Structure formats: structure tokens, C-alpha cells
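Read through the structures below before going on.
The same chain A turns up in both complexes below, where it pairs with chain B and then with chain C.
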Partner chain A sequence: MVYYLLRRVLFIIPVLFGLTLLTFTISHLVPGDPVMLVAGPQATKEEIAALAAEFGVDQPLPTQYVRYMAGLLRGDLGRSIMTRRQVADDLRLFFPATLELVLAAVSIAVLLGVPLGIFSAVARDRAPDNLIRIFSLGSISTPRFFLALLLQIVFGIILGILPLGGRFPTLQTPPPTVTGFLTLDAALARDWGALVTALRHLTLPAFALSLSMLATIIRMMRASVLEVLQQDYVLTARALGLPQPLILFKYVLKNAFISTLTVIGLYFGWLLGGSVLVETVFDWPGIGLYATNSIIALDFQPIMGVTLLIGIMFVVTNLIVDLLYGLFDPRIRYT
Partner chain B sequence: MTATSAVTSMGPLAHWRERNQSRFENWRRGFYRFRQSTLSLVGLGITLFIFLVAVTGPLWVPYPEDAAGAVHVKERFQPPTLAHPFGTDELGRDIFTLVVIGARVSLAVGVIVLLSAVTIGVLLGAIAGFFGGLVNEVIMRLTDIFLTVPSLILAIAVAAALGPSVLNMMLAISLVWWPGYCRLVQAEVASRKQDLYVQAARAAGASQRRIIFTHILPNITSPIIVKASLDMGFAILTAAALGFVGVGARPPTPEWGLMFSAARSYVPQYWWYPIFPGLALFLTVFGFNLLGDGLRDVLDPRAKR
Partner chain C sequence: MSSTSAHRLFKLFAIVTLLTLLMASCAPAPTPAPAAPAPAKAAEPTKAPEPTKAPEPTKAAEPTKAPAPAAAPKVLIVASGQDISNLDPHTGDGYSNRAMQRNVYDALVRYEGNPPKVVPNLAESWTISADGLEYTFKLVKDARFHDGSPVTAEAVRYSFNRSLKLKKGGNWMFASAMDENSVSVVDDTTVKIRLTKPFAPFLSVLPWMFIVNPKVVEANKGQDEGQTWLKDHEAGSGPFVIKRWEPGNLYELERFPGYWKAGGGNLTGAIWKITRETSSQRLAVQKGDAHIAVDLTGDDMDFLKGSPGVVLIEEPEFRTFSIKMNYQNGPFTDIALRKAVSYAFDYDAMLAAEGEGHAVLMRGPLPPGILGADPNLEVPRMDLNKAKEWLAKSKYPNGGVKLSYIYVSGLEIERKFGLILLDSLKKLNLDLDVKQLVWTDMVALTKDPKTTPDFFPVYQTANYADPDNIAYAAYHGSQNGNWSNPTYNNPKTNELIERGRTTLAEAERIKIYGEFQRQVVEDAPDIFGVLENRKLAMRDSVLNWKFVPIASNAIEFFPLSLK
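And now, the complex of A and B:
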């Protein structure tokens, strides 16, 4: 187990190294010169050269890469050429908002998807089967930004019961920052009014982000519950006269959950990426909105920072998921 | 020797038909199974419809000049009427025309992206799986790195670096799309290279290229087709997402994601503007997903719904 963990963690290092090389290469494909863009049309040659020297872009590429890597090891992700702020500081500021959104979306998908999947497997029939297939394929086919806008129109404008966007009203004092998650911070501060406000802002974006994952979990859960239900030990449990709920929730669920675990691991990274779209529609101040704004400004350090951060999160989540498999299926051994 | 005499007595076509009889039989059976599922047929219907619209669209759209960037300020923000079934946008252009022409952009992007991704992925995957060893390690670790970053983020980063245009968008998406095929083909080829028919071909002196392309690859087309048909919708979605973020198609290209992004700020007053490109996008992706799901049931008996 320890050996397995060590090997997996060590394996992350070359992957991350490759990732930095990839993001670095991409950011130097840029045909436009960001320095010229910042300096403006009136800048003199000296000013441009000074700016280029300030950001180190006057050095040859290998030197730039070595500098970039040296900075990374110190936790320095470079500076935004637009705002001149440290990318690492920006990420610290914006990442909790995205993480809160993604975790909320994952929770919604799991809490709704697992029971719905079990239900549809148990009530296996032609009509529900087709309905669920249509619903899940339909949800996967809906562009996230389209769904986000539809939710905005229905709940924000027509019904008017939820806020249209943003994370917290600017006029209200947010709870003191402890975790960076507004909902948790509000709960910690026992500021129930702020908690309700934060939750109301979180609801629509989280739903918009979670739908495709919800659909996938329902499908996976249904398929694996159906498979597990055919196992001999379920037949034995039935023959012994165990009540159906006990069989389902104690014996079937645990074995059927593994496939869902895989989905969670994969989707965690995809949702971090997909949050770009949802954050743009809902004006949610996370790394997605930050990345979009940087893209428009051809500001590459932030984009690389975001890509790298999401890549790391993805690798780490999948490692955690692999370790969790053993918890649900003791037959899985780590060697 | 009987085979050669058959050629002379039956003619090449009949001979070819006889030689591939079991294959035709499989196709017929597959098509039968495909027809059993209403949803798959609906998917096929939607997909054919979209292709038809995309191909013939320029011949019958009511305002072809609008797709080229015409401006009619007097006509701006007309609600849906008979003259403008989907209404008009902020420049007075007919949204129906734009949506129909947009189908061409989306389908072209989807098809081209998949063709290039499948070509790169299958080639690299086959090489890695067949030769193994160091070649395999290098190719597969590269694949791993690409698979580490969620495809949307990577595509956005690449497209942003290359600059916004439809061509660059296709390049960016293809660049992040091949690793999936590479991994699929590598695993399939690696598991089949010791099969009896490969050994037989090798013993008969077939070259490595011949073994890969005429013996192994034809046997693993099913999973590739299934993955490609399921991927088509997602490639189109990704292209729209890139357009939406602003690193894809540029105005006045009638691309659905781009139109949607422009339309977003006019909601709710001019609701028809984002709704129709959004619905078109949904319908297209939905059709391909239904079709892909149906194909998977037919071609990949191992997969469970």
C-alpha cells in the first residue's frame, strides 16, 4: 500500500513536468506580442525593451523556461502582464470560488444521481428506461452555457426567486474569510442571513454545472445496479428473505458505487474546465472567469497558471479516487 | 487454388461479394438490431436532417446575404414573424438564415476535427501498441500529459494562443482530441498483436506496415467508429464553447456558440436571439449522441447501457 502510494505520487512528477512544458509551449505559440499590446502604440523602443526585460521575455526560450520552472518551485507562477499582479495571488483569490461551485455541483450530482439511478434500475421497464435514456442523453447534449441561460431566464427573470448572477451582493458585508468558501465561512461565523444569501447565489450555477454529471451518474448507477442485482450473493440474500431496502442499500449500493466513483474522479476535472462557461454566464468570480478575461487580453501567465492548477487538481483527484476504490471493494489490492 | 478458379468463373465483383459474405451478414444483423431501437432511428433521422440542412441550406435560406455580414439597422430585433421565423439580431440579420448556415460551420468543424484526431490517434496508437518498448513509453506518456488537462481548458488555451479563427479552432480541438483515440487503439493493438492471424501473417512474410494496416486495424474499427460517433456531438459542443468564450470563430461567421455569446446580453427582452442558436446546437448534439448510443449497442456488444 505504502509502496503503491509512493509510486503513484512519484509518477505525478513527470506528468506535471510535461504539463509545464506543454503550457509553456502553448503560451509561446502566441503570434501577437503581448508586450507591444501592453506598451501601447505610443511606446518608444526603450520602453518596450524595458517592459520586455521586466517580464523576462527578451531572454531565449530555454532560459525563460528554466526561470519559469525555478519560479514554480518557489510557488511563483509569474505575473500578469496586464494587471502586474502575481498570478499565484490571483489564483488564491479566485480558486476557492470555483472549488466551492464545483464541489456543490458534484454534491448535487451524487446526491440526486445515485438514488435516481438505483430507482430506475429497480423499476426497470421499457417506458422509464427510454425516459431515462432521453433525459440523460438530453442533459449531456445541452451546452452548459445554454442551460445556464435557460435557468437564469426561468428562475431569475420569469419566477424571480433566485439571483441572476454574482457570488455575493456587493452592498452586503461578506462573512470573514476562513476557508474561502462563502457558505462555510458564513456557517462558521453563524451568520445565517449571509449563509442563505450565499446559497441562493450558488444554486443556479451549481445546477447548471452539475446536470451532465448527474445524467452520467444516473446511467452508470443504473447499469451497475442491474449488473450487481444478477450476482449470486444477491440471490442468496433474497432467498434468505432479507428485505429489499436492506439488500439494495447494504449489499448492492456498495458494489455498484465503484463506477460512480470513477465518474466523480473524471468529472471533477471536467467540471473545473466547464466552470469557465458557467462562470461567464453567471458572473461567478472564479478562475474560469479569470481565465476568460485573461484570454481576451492575451495575458498568458494567468492562463498557464489556471491550466496548470486544473491539471494538478485533476491528477490529485484521480489518485484519491484510485485509493478510495479499495474502501468500497476490498478485493482491490494496491501493489 | 479453388480461389483463383473462382475469380475466373465468377468475375471479380461476385468473388469479392462471396469473400466478404460473413461481413455483409454481420452488417445486416447489426442494421436489424439498430432498427429495433426507436431512439437510435430518431438519432439517425436528426443527424441526416442536419446534414441535409447544412448541405442544401445556401440554396433556400431566405436572406443569404445576412450570413455574409449584411446589416439592416431598421430591421433590428424583430420578434419571430413569418418574414423572420426566428426573429432578427442586433444588426437586423435574419436569425433563421444564420442558424441554418451555422449548421455548416458546426458540422464542418465536427467532421474535420474528428478526421484529424482519429488519424493522429490511430497512427500513434497503432505504432505504440505494435512496437511496444521505448516507442510505446514515449508516445503513451505524451498521451497521458494531454489527458491530464481537461480538454476544454487545453483547447481554450491553444486556441487563444493561435488567435481566434475557425481554422485555428479546429486545429486546437484536434490537438486535444487525439489522445483518446491513441489510448484506445494502443490497447487494442497491443492485445491483438499476438493473435493467431497476426502470427500467420508474420510467418507468411508480411511487412510490419501490412500487418498493422491490413490485418490489425480492420479488426478494431468498431470501437473507433463507436467512439467517433459519440465524440462528434462533444466536438461540436467544444467548438461552440470556444466560440462562446471568444477564441473560436470571429464575427460575422454564423457560428452557433459565437451567436449565443453575442445574444446573451440582450436577454430577456430579445429572448429569441439566443434561444434558436442554442436549440440548434442542442438538437445537433442530441442527434449525434442518440446515434452514437445506438451504434454502440450494435457494434460493441460488451458495452452495457
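And now, the complex of A and C:
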């Protein structure tokens, strides 16, 4: 187990190195000139050259890459041409917001998706199953930004029970930053009012973000449970007269959950990088929007920083998922 | 971990999260909106200002009275999609940065009215030498920076020289007529600026030249003239100071109690709230979560019509839109083809795409209302007979050419214009390839006429209220290779623009710009498009707001009040 873990951690290094090389090459092969854009239309050639020299983008590409990697080894992620801020500072600022949102979305998807999937399988081809299937099909097909706008209008404007956007009310001061997770920071500060406020702000964007994952989990769980329910050991358990909840939650769920676990791992990484639309609609100051703005401006240091961070999160999440397989299926051994 | 403990852990996790969600949905109603909805007022057009008199000395400045302590805070919330990336007044550009700068800093003069006039601010009066080269400004005696030190002539000299040295931000507006010896201190409250050559719009660029506190900048100079520090700190004398700075989320200012200027509204603070989607801005104003939304589209305005408590403002601003043709490479080097396309284009369809009442058609290169803009200029309008006549004179009498139109990715209105163009060109048997690119890539294409597309749609916002701004940026040959004017270059036009900026007499300038407009229309480098209205929505609780057609979305908070 330890050897397996060590080997997997060591594998992260070449993966991240490949990631930096790939991202660097792509962001420099795309035509476009961030320096010229930042310098503005009336900038003279001298001004453009001064700005390029300041950010080192006047150097040949291999030199730029070596410099970047040398900085990375020292923990320096570079500076954004657009905002002139340190990328590490920006990531510290924006990443916790996205992580909090994604964790909330994943929690909603798992906590609703798994029971609904099981229920759908148990009630196969009956009215509740059909309703759940229609819901999950609709959820997968609905564009996320459209759903986000719909939620805003219904819950924010018509019913007026949830905030339209943002992480905290504009006129209120949020709890002191410790982790960057507003909910956790509020709890740490024992400010329960702030915790409720932060959760209220989190509800709509997290739900909007979770929906396609929720639908996938429902469908995956339904299919897996249906498959497991056909197994001989389930028939035996039924023949022995074991109660249905015991059969479902003790014997079926564990075996059916493996494939859902894979989906959760994949979705987690995907949501980290793909939360931009929901962040935009709900003005969630997260990393998705930061990454998009950087990509549009070809501001390569933030692009590299975000890619690396999401890459690390992706690899680590998948490692955790791989380890969890063993928890749910003791036949899996790590060597 | 055994399977039983895993099961328990799973159950515990489920219970905790469900409880959390339950708490969230059962929580009390949101914080009350800052503005209570009230019956809607019809949007009132901005009154035309009275003719500006010669600048009169400002009355002796008295510190603004701080709002009564018992009064509820009056915090204005502005919803904007654009982040504040750089507060440094000498390097930060763009309307959102300008909005913050103009509220924490002061300039010698400021804009007021419609049409905009330059009025005194830190400078209570000024004189201009007969040759237009020497400007002497008398400063307000009681003006103070936020640390209590006086705003002196030396601070003015320091600020100009810092800008000239850094060569960034708004420096381009005056750099061609100044050098590091241009500004001299006469005494503590008198500063003299000697231009290296006459520059008629000089006064009109000064509202964007903010004065910094040299002591504060020097104390935080670092290795880059204080650029890093001033990005999110201020060294100003303006009516507000920074309270909260949360990049990507919100920027809060609070009223500086010792502000030197008398008057102003009752605001105790203001928040620039980043609200990226225009539809979210619209909802925020509708619900009362924001007082002003600054980036609305025509659809948003239509949606908000009749909303209780919301006042809609639509005014033409000095922001032109034209479709530039590649003057130096490809089929459009042929003037007859440019003319043919100019007459084939469906201008009415363009106006309809903008939505009823949201835009007007341009008449030539200058925006209506700006000095010298000719309202009677003869410009091409859709006339297929003329278009075909010109096509017959061109190198492509039967059409059969495929042209390219590249627009900014995600800018829906430019895509619509591309489709209108495609439809118009079909009538001349010309084909069009409509493509989108991100703005950075488009900027890169314009470096060289060979990579510049045949059609290049461009919005051009005036930074100062003078025809020189649009004329120089969009039609002077020296700007070739920049997106503002990738390829158009006619020595005759260049000469007119040069004369326009160095001639001081207004009547003479009007003649020059009249000739300039006729020349540009004659050369047909652009399909002159539309002048989109500035579209703002605000709660009717906002008082004292007046429209100025220069950067009206970079809101000045000082005069405003909240009910």
C-alpha cells in the first residue's frame, strides 16, 4: 500500500512537467500578443518593448520556459501581464471560492444522486422511476448557464428567498479569512449568522453546478443497482428473508457504488475547471473566470498557474478515488 | 477501515450535509435591499447645459461636512462587468479603473455637461498664452491630500513627470506635446506647462491626468516608481478613500471626511460590484441589490422598461462603430470596390439589429455632437444602383471575390453585423467568410496589412471631448499596425489631422475637421456604422446624476445622493 502510494505520488512529477510543457507550448503557439493589448492602441514601439522586457516575453521561447520552470521550483508562479499581480496571490484569492463551490456541488450531487438512483432502480419502470429518469435526462440536457439564470429569476426575483449572486451580501463585511472557505471561516469565527448567510449564497450556484453531475450519478447508480440486483447473492439474501433496506444498503450499495465513485472523481476535476459559466452568472469570484480572462488575453503565467493547480487537484482526486475503491471492494489490492 | 465504519462515515456525512442544506433553505430572508422600490419615473432626458462661461475661480474651499453620525449610511452600489485591474492613475486605463481613479484622485480640471465642457477642479483658473504653448494654472489654496499635506504645484509637476516617464495609461493623450521639462513650478499654487508644440485639445485631456501625493508615492516607490503599490493603494486628494479591495468581487470606497471641496451629495460610500453578466446586472437593479448598472444591452433595457423604481437612461455617447476595410492589401486597395460595398450595405438592417431607439447611424468618421462634426455630411446609404455602378468601375465588375470579416468572439452584435454584410454583399455577387476570434488574436492580426482581414469591425471610444481623439486614433497613418487604424493612410488626411490638433482657433478647427470628414468619406476606408447609445439603468433613489458623454459609465460619485 505504502509502495503503491509512493509510486503514484512520484508519477505526479512527470505528469505535471508534461502539463507545463504542453500548456506553455499551446499558449505560445496561438497567435496573439498580450503585451500589445495591455499597452493599448496608442502605445509607441518603445513602450511595447519596455513592457515586453519587464515581463520577459521578449526572450526566445526556450529561455522563457526555463526561466518559468526555475521560478516554479522556487515557488514563484510569476506575475500576470494584465493585472500585474502575483499569480500565487491570485490563486490564493480565487481558488478557495471555486473549491468551496465545487465541494458543495459534489456533495449535493452525491447526497441526492445516490438515494435517487437506488430508488429509481428499485421502482423500475413505475411512475417514480419514470419521473426521476425524466428529471435526470432534462438535467443533463439543460445548459448550465440557462439553468443558472432560471434559478436566479425564480428564487432570487419571483420568490425572493435566495440571493441573486455573490458569496456574501455587498454591504456586509465577511468573517475574517482563515481558510478562504466562507462557510468554514464563519464557523471558525463562531459567527452563525454569517454561516447561514454564506450557505444561502452558496445554495443556488452549487445546485446549478451540481445538476449534470447529479443526473449522471442517478443514471449510473440506477444502472449499477439494477445490475447488482440481478446477482445470485441478492437473490439468496431475498430467499433468506433479509429485509429489503438491509439488502440494499449493506450488500447492493457497496457493490454498485464503485462505478459512481469513478464518476465523482472525474467530475470533481472537471467541475474545478468548468465552473466558469456558473461563476459568471452568479458573480462567484472563483478561478474559472480568472482562467477564462487569462486565456482570452493569452496571459500565460496565470494560464500556467491555473492549469498546474487544477492538474494537481485532478491527479490527487483520482489517487484518492483509487484508494477508496479498496474501501468499497476488499478484493482490490494495492501493490 | 472496515466496511462497517465506512458505512457509518458515509451516513454521518450524509446527515451533516442534509442538515446544512436544510439550514440554508430555512434561513431568514436576504438582507434588505439598499434601495426601497418606488414608483417608476419615466426616463428624463438630460437637460442641455447652459453655455459654459469662461472659467471662474472656485470659491474658497471648505471642508465637506461629514454626514451626521446618526444618519444611516448611504452607500451607492454600481454593478459593472469590468474589474478594477489597476488604480494607478498614470498606468491604469479602461473605464472601470478610471471610475475608481476619478473618485480617489483629483485632476486639475474635470468634465461637466452635455456637450462636455472643461471646468475648474484643483485648478481654480488658468491662462493660455497667445501662441497656445504656455498654460498657467492657479491651484485651489485649500486642497489637501488624504494625509493632510497640501496639493501643491510641485505635486502637479511630479505627477506629469511620473506619467511622462512611465509612458503608460493615458500618457499617449498628451505625450506628443510634452517632455520632462514642460512643467515648472512658479510658486506653491501656480504651475506652468510649456508645450513643445501647440496641441489644441490639451485642456480636454487634463481631466484624466490625476495628481498624486509625491510624499506617499516616494515612500512606496519600490523598484518600479510605485507602480505595484499604486495598483491597489491610493495617494490622492479625491472625495473618497479605499475601504475594501477584493479583486474580482467588489471595491468599496468611503467618503473622505476632510475633502477640500464644498458641496457634493450625501453618499457615505460607494461600492463597485463586479457583476459579469449583463442579465445579472439587470436583475440586480430590478431587485434593488444595485443602484446603477453600467453595461446593459438593448435587450436588457427593453426588459427593464416599466420596472418599478428603475430609471432608464439612454444617451448617445462619443463611441463610434465602423467596419474598416483593408486599405493596403487585397481587393479593398481598389477604391471603387470600397465605394461599391459602402453603397450596398444595408444600414437600416444594422440599425434594426441594435433595437429600436438604441443607436443612431453615423454620418462619417466623427460622432455627432463633437466639435466640427458635420450633421449634413453626404455619406453613402444603401443604393444598389450606385453600388453596381461602382462595382462596374472596379477590378471586379462581376464580383466573384471571397472576402473575410473577423469579429470579436462572443460579441453577438458584431456577428449580426457580419451577417447583414454577408447578405448585402450577395447582391454584388461577393462572398463573405464570417469568422470570430478572441480580441487578443484580432489585435495581433492588425500588426501587418497582410494578416489584417478585409473587413475589421471596431468600436472607438473617445477618451477626451475633442475630434482629435477619434481622428488621430482611427484615421492617422501613424496608427497603422494598431487595431484602431490598421491600414488607412492618406497623407492629405494626415496633414488635416495634424493641422486640426495644432490649430487653436475653434472656427478654424471646425473648418479643418469639416474638410477632414469629407476627405475620409471620399476615401471610403470604412463602412460608417452606428453610434450606440450609452445604456444605464438606475434606481430612482439615486439623485443629482447628470449625463456627460465622455466615459459616462466611469461614474463620479461626489455629486450623487441617495434618497
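Points to keep in mind about this one:
The definition used in the following text is that the second predicted complex is superposed on the first by the 313 of 335 C-alpha atoms of A that agree within 3 Å, B and C clash if a C-alpha of one lies under 4 Å from a C-alpha of the other, contacts with A are read in each partner's own complex, and residues count from 1 in each chain.
Here is the rule we go by: a residue touches a chain if its C-beta (ideal position, glycine included) is under 8 Å from a C-beta of that chain, and two chains touch if they have at least 3 such contacts.
Everything numeric here is computed off the predicted structure, so don't read it as measured data.
Aligning the two structures on chain A places chain B and chain C in clashing positions.
When the two structures are aligned on the shared chain, A:G166 is found in touch with chain C, with no touch to chain B. In the superposition on chain A, A:Q152 contacts both chain B and chain C. When the shared chain is aligned, chain B comes close enough to touch A:G273, but chain C does not. In the superposition on chain A, A:R85 contacts chain C only, with no contact to chain B. With both structures placed on the common chain, the touch criterion links A:L93 to chain C but leaves chain B unconnected. Once the two complexes are laid over each other on the shared chain, residue contacts for A:V281 go to chain B and to chain C alike.
Once the two complexes are laid over each other on the shared chain, residue contacts for A:A109 go to neither chain B nor chain C. In the superposition on chain A, no contact is made by A:A194 with either chain B or chain C.
When the shared chain is aligned, chain C comes close enough to touch A:L327, but chain B does not. Of the stretches 45-53, 63-71 or 279-287 listed for chain B, only 63-71 runs into chain C once the two complexes are overlaid on chain A.
Taken together, the two complexes place residues 30-32, 149, 152-153, 157, 280-281, 296, 298 of chain A in contact with chain B and also with chain C. Those residues of chain A that touch chain C in the shared complex are 30-34, 36-37, 39-44, 46-47, 50-51, 82-85, 90, 93-94, 107-108, 111, 149, 152-153, 156-157, 160-167, 169-173, 196-197, 199-200, 202-203, 249-250, 254, 280-283, 285, 289-290, 296-298, 327-328, 330. Note for the complex: chain B touches chain A at residues 38-39, 141-142, 144-146, 148-154, 156-158, 160-163, 233, 237, 240-241, 244-247, 257, 260-261, 264, 267-268, 271, 274, 278, 281-282, 285-286, 289-290, 293, 304-305. Contacts from chain A toward chain B in the complex involve residues 14-15, 18-19, 22-23, 26-32, 130, 133-134, 137-138, 140-146, 149-150, 152-153, 157-158, 219, 223, 226-227, 269-270, 272-274, 276-277, 280-281, 291-292, 295-296, 298, 300, 303-304, 306-307, 310-311, 314-315.
Interface of chain C with chain A (complex): residues 1, 3, 6-7, 14, 17-18, 20-21, 23-25, 27-31, 34, 75, 77, 85-86, 93, 167-169, 172-173, 227-228, 231, 244, 246-250, 271, 273-277, 279-280, 283-284, 286-287, 289-290, 438-441, 443-445, 447, 473, 479, 482-484.
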